[in-house]
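Going in written order, the chains are labelled A, B, C, D and E, and every chain counts its residues from 1.
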Amino acid sequence: MARIGIADTTFARVNMADFAIEVIKKNSKHEIERYTVPGFKDLPVACLRLFEDYNCDIVMAFGMAGAAQIDRQCAHEASTALQNVELKVKKHIIEVFVHMTESEDDKEIFEIAKNRAEKHALNTLELLKDKTALTPYAGQGRRQGKEHEGPVKL
Amino acid sequence: MARIGIADTTFARVNMADFAIEVIKKNSKHEIERYTVPGFKDLPVACLRLFEDYNCDIVMAFGMAGAAQIDRQCAHEASTALQNVELKVKKHIIEVFVHMTESEDDKEIFEIAKNRAEKHALNTLELLKDKTALTPYAGQGRRQGKEHEGPVKL
Amino acid sequence: MARIGIADTTFARVNMADFAIEVIKKNSKHEIERYTVPGFKDLPVACLRLFEDYNCDIVMAFGMAGAAQIDRQCAHEASTALQNVELKVKKHIIEVFVHMTESEDDKEIFEIAKNRAEKHALNTLELLKDKTALTPYAGQGRRQGKEHEGPVKL
Amino acid sequence: MARIGIADTTFARVNMADFAIEVIKKNSKHEIERYTVPGFKDLPVACLRLFEDYNCDIVMAFGMAGAAQIDRQCAHEASTALQNVELKVKKHIIEVFVHMTESEDDKEIFEIAKNRAEKHALNTLELLKDKTALTPYAGQGRRQGKEHEGPVKL
Amino acid sequence: MARIGIADTTFARVNMADFAIEVIKKNSKHEIERYTVPGFKDLPVACLRLFEDYNCDIVMAFGMAGAAQIDRQCAHEASTALQNVELKVKKHIIEVFVHMTESEDDKEIFEIAKNRAEKHALNTLELLKDKTALTPYAGQGRRQGKEHEGPVKL
């Protein structure tokens, strides 16, 4: 049994963490530690604490980025720092970010967020198994938040 | 009782720190340490000193970015370094940045700055309590500097 | 005999790793360790593990980036972190990334991916030999994924 | 008495360091260590040496960026590394950069460079005193290189 | 006598290293260590090895960037990592990068590359002498790859 960290924000407009937690509970007996921060720039240090202070083996980080250029830049800063955390603790952070530019329709944003959270919860469970657990799907054009694209057709 | 660092700049055109300090004093008995620098690129090392030399438990960093592309780039450099400080000390820095592009009206910039400083002061107090103090608001579309957007409506 | 790490993704639409592995097996007796992750942002920590936990001497990292601006940004974050891993372990990661913007034709994307994977597998074998193994080709305009451009013609 | 590092470049088209040194000598008895490099990307390691090998307490880094996009990118790389140096030694580097895009008139570029160098020399002296030496000017819209903008008018 | 590292790529279309080595040999008795890699993203770890495993005192890093936006991004990633290497070892890396956007004429690209390599070889020799060896040229608008611009004319 492993411990899965769940870091999310009050800024996001969809409670993605709840969808992921449901999938994790349904498919495993892993323990869950949650940490909620104001915005995605507060996620990296939350993730670091989940790893070092709460002994998590892997963390899912949920965030939602607005449509303005400055939002994209902030997402970039958050993602860069999340990478730094991963390298510091040598463990995976599955970044589940939704960009408001992905759709202009609220309902569709909700569906993207839910689908991405659920599929990445399953990816998280696979990564906890073995480094080749996902190898059967290598290069298969898998997507989270929308339909799989599949491999290039020749 | 905790110690809250307040790092701000002479470049900003609104004294945001004063608004935040007022909120902190009204809602807690935490101690406050202030550090003022010329511009936001001087904030990261000021924050690091507030953590390591002045024993702060959390820091609020206030900055204001001009409207030119180079200003956005400088904000990016400052934000990246603030993330590095957070990971170095494993503590939160609540970044309270206002971009002059957010409004062309001086009065509105003032209101955004005041609102953001005050709401983030409250977020700071919550983060000092517990990692799930903000969880009831997870995915609720909370905003600082303007009205809350609320969760996606289906 | 050395150990070559192969890190790849389920997001990519071409199984580039298989092409590289074939070249490596045909031209050497090096051992191979594979690690498959969801997307290229998960590659850096996979590479770090391949070096530190699986004793690899060099790693090839395969990824494919979508055509949207956000995909380019994500590739940038992954590449920056891959550089950090290289400097941390002082070993080469040969980054084999294909951008969907390189061609609008699926068949051509496939050819680029295959060609890049195979040529970089050969580069990987050269780098394992000596720091001057590639010096005879210095400044010769060598390309992976397409024809060599050759040196500037005067 | 402190030791102030002065790092500058042969690329810049104005000898900004001389203006700053004059201000420092006129207003203090601090010692000065100078280090001249080809371009601003050579400044970060020069600053690190000024701190660690020449015992400087603070460093002023002078650079000038050309008008092309690639120049802006190089300035970004230099600034990012300067931030890293600051966090490494926990001391301030006052970055005095002039962008050729700030004016198309050579005379005006000269005035901006001189004014920025002189005002930042004074900021440097303040930062050496105390973390609240500049607090009376917090949020006052102070500028270097041009007139102070002052606080937002309501 | 010092040891100068020379890191270059097979991607570049001009053998810049050869021009630099000629200048170094003509003007000094320093030893030279060469390391050739596929592309400029492979340069940072090569430079780190030249410093730590081959005892170089300074390194010249030669690269050539294509004209597409993705090439500029890759150059940015390489440059950022080169800065990290410099700060890690506290020694200079003289970055000699040519961008294919600097000219559409092959012959001119060749001239820029040769001129930049030769002038930076001389800068390298100066930096090995003393931190003020270049101070007489501070703010003098020196250029590599083209004519010196000279100081701003008033």
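Assume a contact is a pair of C-beta atoms (placed from the backbone, for glycine too) under 8 Å apart; a residue touches a chain by one contact, two chains touch by 3 or more.
Every value quoted in this text rests on a predicted model; they were computed, and no experiment measured them.
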Field: Where chain A and chain E overlap in contact partners, by chain label
entry: C
Where chain A and chain C overlap in contact partners, by chain label: none
Task: Tell me whether chain A and chain B, two copies of the same sequence, contact each other through the same residue numbers or different ones, using over half shared as the line for same.
output: different
- request: Please state the rotation angle, between 0 and 180 degrees and to the nearest 5, that superposes the Cα atoms of chain B on chain C.
  value: 145
Query: Which integer distance in Å separates the CA centroid of chain B from that of chain D?
result: 25
- prompt: What whole-Å value do you get for the distance between chain B and chain E if each is reduced to the mean of its CA atoms?
  reply: 40
For chain B, residues contacting two or more additional chains: 76, 80, 84
- request: Mind sorting the chains in ring order for me, with chain A at the start and chain B directly after?
  value: A, B, D, E, C
In the complex with chain B, residue positions of chain D that touch it: 72, 75-76, 79-80, 83-84, 86-87, 90-92, 94-95, 99, 101, 120, 123, 127, 131-135, 137-144, 149-154
- prompt: Within the complex, which stretch of chain A touches chain B?
  reply: 8-18, 34-38, 41-42, 44-46, 48-49, 52-53, 69-70, 73-74, 76-78, 80-81, 84-85, 88, 106-107, 109-110, 113
